[in-house]
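The two complexes that follow have subunit A in common; it is paired with subunit B in the first and with subunit C in the second.
Now for the complex of A and B:
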């Protein structure tokens, strides 16, 4: 365990050091994140400006959803995307062999080797938006709301990671995978709005097929004390348990699937 | 991002007789026959190249599903009666947006950047045809290759919302856009592609100065995303925001890239005057962006040579 933490520190300081060479990129990414968030809020204004409430969700609750989405997007840009790109590259030119030979768990290495600061602005803006949304809810910001919301966000990150890693494992068979991850990112855009705002078929798809509901809608619901922001009261705890089950299931599947995929790995260089 | 392999030369052999570029190569008078035969050869070559990547193109078509996601949100919003559009109208609108989106996807900035950074642009500069046309025809080839996947998703929309075809209680009657409107939509759609292409090309040329220009693509992509009508039908804007916002947006090129072509067929009544105005805006912005990108290209090319690459 200690060895892993130590290794992680070396990994991350090395990748942050490398990123500092491109400081302008950070400014550009800050600009992009800010404009994207502003655009998202602008679109919510279009929906709420006429008095319509998306799926019965109040204005602060909808802001919380977009905040959680931005935060998860930041997490994805910071940790998931850079490592995912690298796996694809390594399978293609056979350098995955070197990782498999290292005296450290390969999934650990492949999931955490890179850390990119590009996601930073989204993380900060998203967290800020979540706090602002929580403060404007009738219940206000209390520890009783923030703790379950934070738990929901962490579970959302786990779900996102699990899904992403399963897709990355597919690289072993189908070398070219960038487009699949691109497609996933496009589908995850659905998480910008509370899932009850969608038509019934969409709700089923985004809950049971692609669990977007557990990534952004559930944490936002927890922030409102298990309700959609003062509207209908629902079984908040049940949703969080659902997130836990989905996250645990996906993490387990991603691990087993990876080990299984490795048995089919025939190095590109040999 | 998608990389385009160097074109196979059997496809373009014999095309280099007529120069198309003022700055490079000998100048030979322009002729329609040569233009058509060059266009045809380019289109055939790039179509063949794109078909090699057909599995990826299916995924690319799915990746442009944002209008379908928005359809799911707007169908509910339209049914609520809070907006000036009802459920069937808004579903028809997003089906049209999805269609328009399939034929107006522009990725020249990533491709151009890759050509500059990897040095592959240089051999193209030696040929007596402007490289812009290669990128242009690569896009057209990709649009053709996209048709099967797009068609499947297009049909899927009607399975999700069959009412879009025959209407419901709020909006009775079949969806019958009319031949003239469909033709006008196709024209507007292609003009919209031309406008987006040259707009992005003008920015791509920035790669001559800043190698990673695609990082700054958000500067034009984000306003396009939010103001083109891809995420909401623009006619609801006056319902919720002050009128000057709507008028201001209508002077930018963005509404004509998506909202205008989609609106031509989705059943809302655009008056003849509004249609003429839309085409005038499209045409005007196309000319402006073409001029800007040609000017940027000329200036940029000098800079590129100065680097000695």
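Now for the complex of A and C:
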């Protein structure tokens, strides 16, 4: 365990080092992130001024959903997407061989080796929005709603990771799968608005087929004390348990699927 | 106990067959056709600790596939591999800590960062304490004649420098078995020499077993006393390097210089004529008849100078592959 933590620290410092190697690119990315962040905040202010309600969700409750979405999006950009891209590359050029021959868990390496700083602003913005939304709700910010919301967010990250890793494992057979990145971004995008705001068919789809509802709507519900902030009431703890089950299931499946995919790995020809 | 055992190793790949053109592409997309390719057919050999073995064969002979089965990257279709008493495909950490794979065409170093950053990652993964890792890096760098190359981004290194750095990364954990797939590919003569010397030194210092593939015969003749030859996936020869010449080149080359222009002379009666160039004649003579033929030559002709030699090993192996082709 200690070795893994130490390795992780070295992984990430190397990733940041590689990013900072190109100074102009680094500055452009920094500027780009700042502009995106400003744009996000501006959009929120426009929405907030109009007092708009969606799907019977009060504005702070909807804001919480957008906040969770933004946070998860930042997490995806920071950790999940760069690693997914790298897996595809390594399968194609055969350098995956080097990882497989290291005395360390290959899934650990392939999931956490890369870290991009550019998801950071969204991660912070999202966290800020969630806290602000919580404070604007009738119950205000208490440990009783922050803790379950945080748990929901962590489970959301696990769900996002598990789904993405299953798709990445498919690279072993199909080799060229850069589109996974776009697909995962689009999937998460569907959770940008409260799932109850969608029509019933979509609601079922986004809850039971693609577990988008568990990624964003559930944590936001937790923030409102298990309800959607004065609107329709939800099942509270039941949803969180659902998230836990989905996350645990996906993590397990991603692990088993990966091990199975490896048995089929033949590695790119010399 | 041998370090490496290949026991009747076989690998069959299923590969897609695509016809050229748009129609071929469409068919390839909807009804993909496959055929089986036998890359390795029942190859057996074993390598003792401390041995350096050359692994030869033309492109596509199955060398890399065999190496991948021995390192556990792919599962044999039939037969079994054993490395240091482990089954490689299980990829037990205990085995992975003791082997390494170097591929001339692929690199593990991080492109944008200096080698030392990649080495830090390897040190962490192999659980080497900081000081120990530093000592080993210094030792390997010294053996390879590397200094400030280690702090330069890898993308700015020459091919030779990069290969040396790759070797440091591959050997930092002091493996006991080295699988080297064309480690000198594309390097200039000096860099090739440096890599060879380094490998010999490492082998002597650590008693490591080395299985080396290369298209440069100089690598093989400089490092390997024993060679294994495979062709079309089957083992053709396993034994001493010199034995190849005896087994596959039963003819020796007799070159002699005559005092006078040999107009109208018939050399066929002495052996197979390889070339005649003025007064210099090259004949190929069977080993068993060599002494008799040389005697007759010296008696019957006015010979100024005469040498007997083995044909160069490159030629013998080249001919061996051509022969196997038929």
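Heads up, the rule we're going with is that the second predicted complex is superposed on the first by the 234 of 270 C-alpha atoms of A that agree within 3 Å, B and C clash if a C-alpha of one lies under 4 Å from a C-alpha of the other, contacts with A are read in each partner's own complex, and residues count from 1 in each chain.
By our rule, a residue touches a chain if its C-beta (ideal position, glycine included) is under 8 Å from a C-beta of that chain, and two chains touch if they have at least 3 such contacts.
This one's a predicted model, so the numbers in the text were calculated from it and none came from an experiment.
Looking at the shared chain after the overlay, A:104 reaches subunit C, while subunit B stays out of its contact range.
With both structures placed on the common chain, the touch criterion links A:3 to subunit C but leaves subunit B unconnected. More residues of subunit A are touched by B (comparison of subunit B with subunit C). Of the two partner chains placed by superposition, only subunit C is touched by A:93; subunit B is not. Of the two partner chains, subunit C is the only one that A:263 touches; subunit B does not reach it.
Contact with subunit C, but none with subunit B, is seen for A:11 once the two complexes are overlaid on the shared chain. Residues 22 of subunit A are contacted both by subunit B in one complex and by subunit C in the other.
By the touch rule above, subunit B contacts subunit A in their complex via residues 56, 59-60, 62-66, 69, 72-73, 75-77, 80, 82-83, 160-161, 212, 215-216, 218, 222, 225-226, 231-232, 236-237, 239-241.
Looking at the complex, you find that subunit A touches subunit B at residues 22, 25, 28-29, 31-32, 35-36, 39, 42-43, 45-47, 49-52, 54-55, 176, 179-180, 182-183, 185-187, 189-190, 193, 197-199, 201-202. Of all residues in subunit C, those touching subunit A in their complex are 13, 64, 68, 71-75, 91, 93-94, 96-97, 99-101, 103, 105-108, 110, 112-113, 117-118, 120-122, 124-127, 153, 181. For subunit A in complex with subunit C, the touching residues are 3, 6-7, 10-11, 14, 17-18, 21-22, 93-95, 97-98, 100-104, 109, 263, 265-267, 269-270.
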